[in-house]
Each structure stands twice: as structure tokens, then as C-alpha cells.
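Heads up, there are several structures right after this.
Each of the two complexes below includes chain A, the first together with chain B, the second together with chain C.
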Partner chain A sequence: MQKLGDFKLPQFFNYPPYFTLQPVRETREKQVQLWKELILEYCRTQKIFVIGLEEEFPLFSNPEIERSLSHEAREAFVSALVSDGRAEWLDKGHRKCLILWHRIQDWAEIIINFVKENGLEDSVMTVEEIRSGIESRGTELHGLDRIILMRALKLLEHKGKLAIFKGTTADDEGVKFSI
Partner chain B sequence: MKEQLATFRSQLEEFARKHRNDIRKNPAFRSQFHEMCAKVGVDPLASNKGLWAELLGIGDFYYELGVQIVEICLATRPHNGGLINLQELCNLLRQKRKHDREAVSEDDCLRAISKLKVMGSGFEVITAGKKKLVRSVPTELKKDHNEILELAQAQGFVAVDEVERRLSWTLGRAIDALDTLLDEGLAMIDDGHEDGKRRYWFPCVSSISSVGADS
Partner chain C sequence: MAATTTKAKFFRQADLTSSGRPVLLPSEVECQLLTSVDLEPEEDRSHLFSALKSGVLILTTHRLIWLPPSASATAAYAIPLAAISHIFSPKKSIKSMFHSPRIRFQVLTDTDGQVFDLGSSSGSSSVVVTAVIRGKGDSDGFLGKFSECWKGREWETAVSSDSNRGSGSSTGGGLYGSDGAVRMVGVAGILRKEQEMWESTDKSLQEAFQDLNALMSKAKEMVMLAEKMRQKLLSGTNTSAANDEEMGSKEEMQDWLLSVGIISPVTKETAGALYHQQLSRQLADFIRIPLEKAGGMINLIDVYCLFNRARGTELISPEDLLQACSLWEKFDVPVMLRKFDSGVMVIQNKSHSDEEVFARIIALVSKPEALRNGISASDAARTLEIAPAMAKEHLLTAESKGLLCRDISPDGFRFYINLFPEIDPSDVYLIKDYGIYSTWIKAISTCHGAEVSRTS
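For the complex of A and B:
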């Protein structure tokens, strides 16, 4: 079994036709499904939040069989994730994409649990503290992409679980929990 | 003559009783036993209630194999279009049964499949070159398709010009046959080779069909 670091690659990754978009609908659906699962699983285990379609990405090519995904194929697989609510384009040109191995609402749930476990129900924290402070160390929130974190926080704000307020500089927004 | 056969049958029963364990545990022995049965017109799999089944329990054995074969064929179908190499099927079957101490041979697979066939399930074994392939979707493979599958066994794929050359076909005939195989989900295209020639891969002749088998 081929590996990328400690990540075990699935067998289809070594089968050349999976790197060409398949013309027959049913075959293509299966192909897209396998790629979607692979991309999500890889990003989840490697804690990758953003993929650039034009940048180097280990899954986009397999030197062992000398195959790589065309731009069209990359866009097809990532677009399929977008339609599933598992990814979001960051630009109109579809060059960068946010990968949501947890959906925004799941991240929000994780934040709530984190707050409860740490007894922060009515505390104030900065956004930066949530993703890199001592409390979040060892949790999934540690190192979380800022864009995703903000989206989850805004969702919670919308639900009245917290209030986001501006700090003195742009990058230290604060959060007042009221769970 | 009738009498002779009757004697032979009762001897066969005696033999089966005596070697019950060998028949159940040893695939080669089992296969020989099946041959002996066929010679005297006894089908130990004909009914699950008969003396033979009671004696050996092999009806259950093949029934179980049949169910597992159906499961494997269904699980791998999205990848191979419903056509799987017998050897591969047998390997997957062994993986599935690894907790079972009774060994399974290709001969056993074929017997279990022939039992499935009786039930009208559309399972069929076809031969392409040296390989036996098990078909679980009712596609009608014509001679042309079979020849391509045979050709593909060497490397797992073929290119159009190779089909033309090796089988002495016209371009149109080669493309027609390959397009049908694509439509049936039995082939996948690969445009990624540096020579720029499109390759048609056949998951049913490569061992990659274990993809998705455990999902």
C-alpha cells in the first residue's frame, strides 16, 4: 500500500484511469465519490483547510504511475464537494477552496462543547485564543483555519450563543460567550 | 446396469460418510468427490434436504458461498461494471471467510455460481483467453468484446491502434466495441500517458477490483 507520510492511500489512487475524468455517467459518479472521500479524509487527517487548485497538492498527482489530475478534473472533484456542503470556493475564479471535513454547524457544535468543558459559558476570549490558546491545545479547534472559525462563530452569534466584538486592532476580535 | 449403479451409489454414500471431514475441509478432495458423483449421476447439491446434504452439510456450504459471492459482486460492481476475474473473486471470498477454517477453491466458487445460476440470478461464468470471468449483470458480451478482454489481460489495458493491429479489425469496429464496453461500465479511459494515446483499462482483468470491496 502506497503512503503519503502516515496517510494510507486507497488502491484506486494507483489505477491510472482514475486520473482521467470518465465520460460514462455511472462510472464517473463512482469516480467522483472515491475522490471526494479521499480529499476529505486526507484533509481531515493532515489538518488541511484550504486547497489551491493551481498549487502543488499531494493528492493531485501520483508519480508512481506518472499520472496527475487535469485542472478540469480537480475542479470537478472539488465542485462535487461544494455541492455536498463539504467545501466552499474562496474566490470567483474557483482557484482556492475551503475544505469542510466538519461542516460549519459541526464546528459550531465543537466550539460549544469546548466552552462547556472549560467552564467558559460566560467568559470573554479573543478569536486568536480560541484557535491557539492553552485551553484549545489538544482539541480539534487548535490550529483551526481562521475563516472557518469566524464562520462558525458567526453562526453561533446568529443563534444568540455569543457576541463578537471588535478589539483595538483588526486581528484581535473578541468573543463574549453566553451559553 | 441399473443394479450396478445402485451398488455404486451406496458405495459412494459409504465413502462420503467415511471421508466426511476430508470432503468438508479439503478443496482438492471435495472437487474429486464431485467428479465421482457426477459420474454416477448424483448431484450432491441438487437439494439441501436430501441424504447427501444431511450427510455432508455441503449444501449449506455452497449456499453460504453463493451468498458471499453475490455480496462481493455487488460491492465491487461500481468499480468493475459487474464483471470480475474468478481468481480475484476467490481471493476476496477467502478474505471474507478468513475466520473459517475450511479452504475455498476456484472449483468451489464455480459450483456455488452454478447453483446461483439455477435460481435465475443472471450469474454467469465466461472465458476470455486463459481467464475465467464472473458476470453478475446481464450484459450480453459479444465475441468482439470478449476478444478485447482477452487482449487486455496482458497489461490490463488496450489502445485503439493495438486492437486494430492485433485483431486485424477496422478502426470503426474497434471503436464500436470499446465504446460499448465503456457504456457497460466495464472499461475506463486513461488519457494521462505521456505517449498521448488513450488507454482503455478493464478493472475486471486487473486485481484493482478490490477497491470498494470493503466499503
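For the complex of A and C:
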């Protein structure tokens, strides 16, 4: 079985039409679905949070069969993720995209569980501590994209579970949990 | 019932093609058509035939043919021009201004009371038939053409050239008598010679100015010649047991001649308001053989070329062709016009089945080699034995039905069997141990295996 790093690729990755945007509606719907699954699965296992459409992305080409996705095809597949709520464009030009293999509310849930597990219900942490502190090591929060983390924290703030207070620099941004 | 029998008894029967056009005799040419024409006998001769109501009257160089108005008719009634003994000039009266135009002519009948025809016993009596033109056709023009054709006696030249070819032209120019001796004696001879010279200069002058007409009549002759050669070849192959090579070249020659020969093309001039309708029927008749050869489907552009080549000089415009094809919907003809999603238009047999073509395409893309590398339009064209452009249309149609998928790469535009429906999106690694997906995996893995063994 073909692999991309430690990622196991499905058999249809060697099917040349998989890399050509199919014009027939039903066929295309199935093709888009398979691409969405593969992109989310790959990003989840490889901890990839942002895809640049104009940058090299290992999944978008298959040297074995000498096929790669056109820009139109990339945008079509990623747009399908966006409309599913599993991705968000980071710019108007649709060049960079945030991939949400967990939705924002799921990330928020993970944060709450993390806080509870570590007995941090009433404590204060910096944003950076959540992403790269000792407590988060070995959890999904470790290495989480800052944009996604901030979205999740803001969602929780909105629900009254915490308060974000600003420092002088971004590093100083702090969180006061009140769960 | 009685009415139809009297009709049939009086008239000669004219056969119709499957698309409802008259079957013409050898070298017979259609001249003009009129719609909504009644044919009536003289008042006191109505026992001969009962009046025919509002049909299409076709004038040819040999016959008057009356087509019944119903579209499903299988036979028409004909009066050979040879049976006509007189054409009356139209009555000019105040009364006639308010009437539908009428054309009256005298028809010879044989002893059975049937229209006289070549070969039947000589006409014993005659009857006056009146054609009442209720449609908007050009009746004066028709009458002119009618007498022209009648006086032209085209049917006689056809018969004489067939029966006693080589016996010399007895109706040749005035220089020779019927015995072949030169008739140029005395003052009469000198005068005759003068006139001859004057006539020939006049003739060449006329020819010079009528270049186009001359060219067209020559073209008609060429078509006739081609038809004659074809007939000769046909009879030749029947009698002599020629060797294969000769037969092959003869067949080729025949094909070639066949592609020239519509002797009597429907033209705007002859058919008038019925032009597209008649053109449509003629095209349906014409296209059958080429369609058979092309495997049941031909590109409209090819049809345009074939049809116009067969028509010789009476070329039609692409619009006329398209209109003729679209009229097929209204007639009971075995062919139809089809437009592909790509906009390409073709003519195909009504019996042509896409399913059969799809089955062959599926068989083709299911071969191990095609599973690995897909197929191109030219691959399909070779297997289906059709033109690549046509093959591509079939592939695109199969794709739109979800049978195929496309692959566009620097290597070109190829088609693969559609595997997408077979793959489970909730488990992308799942491979059922049956179905085309697993067959495909086996095909590509044997390919990779071969590569590995080659490199090691």
C-alpha cells in the first residue's frame, strides 16, 4: 500500500480520474466527497491546520501516476469543505484555508475537558500555555493553530465559561477560566 | 371500396419510397410540384374514375403523379405523359378569374378503359382530365413546364437509347436525310448551308452567354452517364464471373458512381412551397445506404457533403439541410436527427440503440490494459469502427450517464471506467472482494508488480 510519510493512502489515490475534476454532477459529488474525507483525515493525522492552495501540498499530487490537481479542482474540493463548515477561508482571494477536522464547538468542548481534567476550573493561563504548555502535552490541544484556539476561546467567552484579557503583546493574552 | 377500385383501374400505379416520395423511372426527373390539386374526369365520363381530392401533383419528365394527401399512403396514381394527346390552353374569361386555376388535358385510354401506357395496346379512346389547383402554387408556370415536358418526349429518348442503342440517330441534324445521304443540292443546298452557318454561330454565341446553363446541363449529363455506367457494371458483374480483384475495383467504381447520382434532386424551383418537405423525404431515402456503411450514425457535416455531392449542381444550404432533417419528426421515416450535448448533430437510424454502444464501450474499458491506462477517443473509434469524432460523442454520452470518468493530463484526454460509485466514502480503505473496484486494483497491482520485477 502506498504511503505519504506515515499516512496510508487509499487505493483510489492511484485512479487517474480522481485527479481530474469530473464534469458529470453525480460523479463529481462522489469525487468531492472522497476528497473531503481524505483531506480531513490527512490533516487530522498530520496535524495540519492550514492549507495553502498555491503551495505544495503532498495530497494534491501523485507522482506515482504523474497526476496532480489543477487549481480549479483544489479550490472546488476545499470550497466543499468550507460549505460543510469543516474549513474556513483565511483570505478573500481563497489562497489559504483553515482546516477544521474538529469544528470550533468541538474544539471548545476539548478545551473544557482539558481544563476539568487538569483541575484548572478557576485558574489563569496564557493562550500560549494552552497550545504548548506542559499540561497540554500529549493532548489534541498541543500545537493547535492559534487562530482556531482563539475562535474556540471566544466561543467559550461568549458562553460565559471564561474571560480573555489582553496583555501588551499577543504572547501576553491570558485566559481566566470560570467553569 | 368501389371508388378505390375505379381509381386504380383508370390510373397507372406509381410506387412510393418508404419516406413517401415517388420512385422515379430511369432518367426520369422531377420538374415541379403543386399542392391541393384535384383530378376530375369529364362530366359524362365519371364512370372511368372518381375525382381525386387535394393531393400533391408532381410533374416529371415522364409522368404526372398524384400523391394522396394522407401521409401513410403507400402508392400514388400516375398518368404517363406519353398517354396525353392534347393539353388545352387555359380559357381566359371573367368567370375563370374567380375560379381556382384549372389545367385540362386529353388522356388516351386503352380498350380496358385504363390510361394508355407504352407497351400497352394502342389508345382506343380518350378522356379529358381536369386538374383543379386549389393551392397557392404557380399554375401558369406549371402549365408551361407541363407542355414543355410533354413536347420534350424525354421518355422516348430513354426508351430508344436503352432498346436500340447504336442504331444511329435518326433524328439528327438537317444535313442528313433518313437514308444517310447528304442533302445539299442546288440553291436549296446553298441556302441550307447559309442557314446552318448562321445557326451554328448563333448557337455558339448563346452557349458563350449561357455558360452556367451549359455547365449545369453538362453536369446533368455526367450524372446520367454515371448512372448508366453503374447499371452497366451491375449487369456486367451478374453475367461474367470476374476474378476478385476485378470485382473489388468494380465495386469501388460502383460506390464512387453511386455517390454522384441523385438524378432528380428536389429543388426550390421544382417543389416551391413543398421544397423542404420533399427535400426531407428525398434525404431520408438517400441517407439509408451511407448510414448503413457508417454503422448507423453519421455526422451532419458529412451528410451535407455526401448529399450535395450526389446532387451535383443543385446544391443546398446548411440551413436547408437542417430544416429537412428537423421535418423528419413529422414523417414516418426510419431515420432521425440527433443533437449531442456537445452540440454536435448527427443522423442516426431510429433503431440505433445507445445501450448497445454503451455495452461495447464498457467491455472495452473493462479490459486490464484499459483499466490501467484508460482509453482515448481513437481507441474507441478503432473498436467501434466509427469516426473518432463520433466515438468521442459516444464516450461523452457514456460519461454523462455515469458509466465513464475522464482523465485530463499532459498525455491527453482519456476515459476510464467509473469507479466512484463503488467506493465507500465512510471507509475510504474498504475494498469489497468483488466488483469492478477490486478488479481494477488487481489490474493495477499486477502492473506495479511487473514494473518491480523489471527494475529488480
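Definition applied: the second predicted complex is superposed on the first by the 179 of 179 C-alpha atoms of A that agree within 3 Å, B and C clash if a C-alpha of one lies under 4 Å from a C-alpha of the other, contacts with A are read in each partner's own complex, and residues count from 1 in each chain.
As a convention for this text, a contact is a pair of C-beta atoms (placed from the backbone, for glycine too) under 8 Å apart; a residue touches a chain by one contact, two chains touch by 3 or more.
Bear in mind that the values here come from a model prediction, so they are computed numbers and not experimental data.
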Exercise. Put the two structures on top of each other at chain A: do chain B and chain C fit, or clash?
Worked result: clash
For this session: State whether A:Glu66 touches chain B only (first), chain C only (second), both chains, or neither.
Result: both
For this session: Give one of first, second, both or neither to describe whether A:Ala80 is in contact with chain B, with chain C, with both, or with none.
Result: neither
Exercise. Just chain B (first), just chain C (second), both, or neither: which does A:Glu41 touch?
Worked result: second
Exercise. After lining up the shared chain so the two structures overlap, which partner does A:Lys8 touch, if you call chain B first and chain C second: first, second, both or neither?
Worked result: second
For this session: Please work out whether A:Val50 is in contact with chain B alone, chain C alone, both, or neither, and reply first, second, both or neither.
Result: neither
Exercise. So which chain B segment collides with chain C once the two are superposed: 76-84, 112-120 or 130-138?
Worked result: 76-84
Problem set entry | Intersection of the chain A residues that touch chain B with those that touch chain C | 10-12, 14-17, 19-20, 22-24, 26-27, 30-31, 34, 66-67
Exercise. Given the complex with chain A, which residues does chain B contribute to the contact?
Worked result: 78-79, 81, 157, 182-183, 185, 188-194, 199, 201, 203, 206, 208, 210-212
Problem set entry | Touching residues (chain side chain A, partner chain C) in the complex | 8, 10-12, 14-17, 19-20, 22-24, 26-27, 30-31, 33-34, 37-38, 41, 66-67
For this session: Name, in rising order, each residue of chain A that touches chain B in their complex.
Result: 10-12, 14-20, 22-24, 26-27, 30-31, 34, 66-68
Problem set entry | Interfacial residue positions of chain C with respect to chain A in the complex | 374, 399-400, 402, 405-410, 414, 416, 418-421, 423, 425-426, 428-429, 431, 437, 440-441, 444
